[in-house]
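A single structure is presented below for examination.
Lettered A, B, C and D in written order, each chain numbered from 1.
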Amino acid sequence: MQELVNRAKELLANGTVQRVLGWKAGDMAYNPEPSYFETEADLSDFVYDAFCGANLSKYMIEASKKEGKTLVFLKPCDSYSFNQLLKEHRVDREKAYIIGVGCKGKLDIETIRKQGVKGIEEISGASMDDACDTLKIKTIYGDKEVSYQSAMLERCHVCKGKDHVVYDEVIGESRDTVDGERFSEVQRIESMTPEEKFLFFQKELSKCIRCNACRNVCPACSCRKCVFDSNKFDSAQKANVDSFEEKMFHIIRAFHVAGRCTDCGECSRVCPQGIPLHLFNRKFIKDINEFYGDYTAGEDIDAEAPLTHFEFTDREPNEERG
Amino acid sequence: MCDCNCHEHYTEDTLIPKIGIITEITQQTPDVKTFRVNAPEGGKLFEHLPGQCAMVSVPGVGEAMFSITSSPTNKEYQEFSIKKCGVLTDYLHTMEVGEELTVRGPYGNNFPVETELKGKNLLFIAGGIGLAPLRSVINYVIDNRANYGTVDILYGSRSMDDLVYLKEIKEVWAKEEGINVHLTIDREQEGWDGHVGFVPSFLKELGFENNKTALVCGPPIMIKFVLAALIEMGFSKEQVYTTLELRMKCGVGKCGRCNIGSKYVCKDGPVFRCDEIDELPAEY
Amino acid sequence: MPLNENEFRPKIVAFCCNWCSYAGADLAGSSRLSYPADVKIIKVPCSCRVNPMFILRAFEKGADGVILCGCHPGDCHYSTGNYYARRRMTLLFSMLDYLGIEKGRTRVEWVSAAEGVKFSQTMNEFVEKIRSLGENVRLGDLRCKN
Amino acid sequence: MLKIAKTDLPALFQKIAETKDLYLPIRVADQVNFGVYTQDADVSLETLKTVKSPKDAFFPQSETLYTCNKTENKISITPEELQNKEFVVFGIKGCDVKGIEVLDKVFLSEPVDTFYKARRDHGILVALACNEPEESCFCKAFGIDCTDPKADVATWLVEDVLYWNPLTEKGSALTDAVKDLLSDADDSKVKEQQEKTKAIVEKLPYMNLSLEGWNGDVLTEKFDSPLWEELYQPCLACGTCTFVCPTCQCYDIKDYNTGNGVQRYRCWDSCMYSDFTMMAHGNNRNSQMQRFRQRFMHKLVYFPANNNGMYSCVGCGRCVEKCPASLNIVKVVKAFQKEGGDK
């Protein structure tokens, strides 16, 4: 981490960048927040550890409007989001100095709490330097140990890989965190009966409070004005009067990012109700791969996007679907 | 009043509107119409005070706060002057006499016609559709003429065609004793032999004495410059009243939308004395 | 086919492109080919004008089945619109399956201006299919149900 | 003091549910929120904080106010029926009870919101004391004692027994209705647990958060602080904090056209949303900084100014846990504290 700070200080000092976009240490072990740093002194609060899950690509949309270059730290998966935004001309490559940072899997405080940990005072084993297999957690109710792997965000179990797709330089080491199959949960749902599928999603979506956190955190949701905020249509229904509204919202949101979603997993990370929102996006990704050939959004800035492209021989919508 | 079977469990909540019927529509300017509204069985929907507002709504289209432009002294109906500028107002402009809408209110405070303003010389300054809330006061003053001193009305608009209530201004107000009307438009126009120029500069040209109480309403930028001009002319902020406009939904100080500082414009306003506005954070 | 009063009469929304399928529907009408009155046609400039929200809104407001008709691939008035529509609908329908909405409630059919017979057949088949599926309960808004 | 064995709680719930709607913390798809009791509901009284506060028992996320029907040119209005059946909210925590007090200030002040009032009149609060508060809690900063909640009935879950103490008339009536299931108890175990919990409270990092300098009189000073420009930066403008908050009360009124009548409903809204103050001709809070500032100024300055110093925050810590960007009211208060200290 110190290496990152040192490099940031250098780049600020020599005028390469005007500001640094990174994470600021919170007042707890697990709540760093995305933050801008403009001076060397500011950087004393800089942190990069296993709780820095936030994808900073989205903030680069705003940063691209600011004067001068912004140094941004991107994890391997974040770099896909940045690339996708670049493809859509929503961020300015010239305004960004990208330092790719290593990633050893990001932790999810909710997952830790689910394992019965409460009253957290200190967590050790989450810094980038000591790649621990076990997190030692000091709590008011006694000391606990949780395996690092079991505390990771869902997305890290099915990581796309630890290579950055866009960067100016890379600092820090990564480690392989994959221990699951990316589409296994989608396949499990696909194999259910329609009744089971319906019940599963009904239950999950009944928790939705329409807080829009999933939308607002999503790097692919970069519209200046969202269709769900428009008063001109019937679509600005903030209410969850009826379960239909949530279904509508999540289907349409997933559809709007289909072919553009890099599966960064931020939607699932931020959902206050723990709805596995990635299951919508991943279904589209899986279908696109199966129907139109493998495609990874954000990987190649020049590739044809699946929904703005077609083949004469594409399958028909009515075909029996697997 | 409404068609519902209002029995014990049903509610007379302030959020539940009354039904109003449009009994007359006057085209004031190309984009402003005045709607006269009565209760379906005739008569007024409710009593109000000058400066108060009401929520007018077309079910399925929208609901918005409008100032009541008719004077409380009018015992027959209420009027709303509405400028076409959004989804609801666009729809209202397509409506015809005999159609129904819903109204709830009155909401907010009023110009202190029976207290602070009594016995004072009054100076009304309005721009564009901003005359609508003041018209209520002007007609109230005319109907209680003895209670007030001199009255000056300074009114300006973009063009001759954008002056609202022109007929009433010329045929009623201008003919009242002790009322001086000063009109202005922003740019030269054929057929206009009156003053040309913005309201604040016209105000300075006219150079009123500061023995008056000013009631100002219009676009924010006009209010800002009028206020500056008045101060320059020796008025104190306690002598100036204005009305604020913000997005409102409930009208009763609960929905949080029009909250500025510790005030709710829909409940504590819309009429504020300018020294009160100074105490609010600059978010209006 | 005579219907008794209690029989379920599905509500069908058919989005038809202006250039082919709507003309096809016209032809079906002028050729006196019948299709059920339960089919409500909404004319769209091109099949690719139909965005997923249209389909979902139709279900929300009480449709039991939604069908999209456009020009045959290769014949789009705007050259390629229906190709894009094809991809979109393929993905959307697959997503609806995934959510447990019965297959067959949604359909895409390419109907040219000359295919009055196909139009009428398609609609008859589709209405029959929806009738067998019954009322749409999974994708409607309860507020619209009474 | 009365008591009931924990194993008999299902019978108690069943008994209450016979005549009243019963809301209590229920686990659905791995998240605990207040929901209506049914026999197969997965009740979780051990959960310290439900994701959403129980405020929607009184101020639902959305509720229809009335329905308009139009035939030819005639409009008719059918108001929604008011709550007329008693219901019980079981397991509400001390902070959330205080949250409802805050809502009362808004909805029961003139003009009274009759929809809310009807629910308040018919709702019976059975509070459950906290045993294991967490690091995100700071109710003590608002003078709340989480071990001694003030509601219609206060209860304590100690070991395998639920202790039950009615505090109001409503509470006594409910107690009478279920008295067959309750037996007399002494309060020594409760006292013991309270002491234990209080000791924990003292150790929690946020509990002694100082709100010094936050009151209704510091409007301009706080409003004009340059700190807001810094603090708001990570804010994503979502509504998570407002929707999980027990005291946020902003709402929107909207129409829904059902095809056979227009339902006018109100639903929670968030001052964090960009369209919250949007009007046909502009927006008076144009930047996210202004919207962010509004939320905290309202909770810590505007609300106290109108309500004898009562804050519109109860320290439940939900925003601390749920904010996607790890922002929260504690960070705001601390930032101002630090600023003040540096000067």
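Everything below uses one rule, namely that contacts are C-beta pairs under 8 Å (C-beta built on N, C-alpha and C of every residue); 3 or more make two chains touch, one makes a residue touch a chain.
Model, not experiment: these values are computed from the prediction.
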| item | value |
| --- | --- |
| Higher-contact pair (C-beta pairs counted), C-D versus B-D | B-D |
| Greatest separation from chain A - chain, by CA centre | B |
| Whole-Å gap between the CA centroids of chain C and chain D | 46 |
| Distance between chain centroids, defined by C-alpha means - chain B, chain D (Å) | 39 |
| Geometric centre distance via CA averages, chain C-chain B, whole Å | 51 |
| Multi-partner residues of chain C (at least 2 other chains) | 141, 143 |
| Junction residues of chain D - those touching two or more other chains | 252, 256-257, 269 |
| Contacts with 2+ other chains: residues of chain A | 231, 234, 241 |
| Chain C residues within the chain A interface of the complex | 52-53, 56-57, 60, 73-74, 80, 83-84, 86-103, 106-109, 138-143 |
| Complex contact set, residues of chain A against chain C | 186, 189-190, 192, 194-201, 227, 233-235, 241-242, 244-245, 247-248, 251-252, 254-255, 258, 280, 283-284, 287-288, 291-292, 306-308, 310, 312, 314-319, 321 |
| Footprint of chain D on chain A - complex, ascending | 26-28, 31-36, 54, 58-59, 109, 114, 118-121, 140-141, 203-204, 206-207, 209-213, 215-217, 229, 231, 234, 236-241, 269-270, 272-275 |
| Residues on chain D engaged by chain C in the complex (per definition of touch) | 256, 258-260, 263 |
| Chain A partner contacts - residues on chain D that touch it in the complex | 28-31, 33, 48, 51-52, 61-62, 64, 132-135, 200, 203-205, 233-234, 236-240, 242-244, 252, 254, 256-257, 265, 267-270, 273-275, 320-322, 324-327, 330-331, 334 |
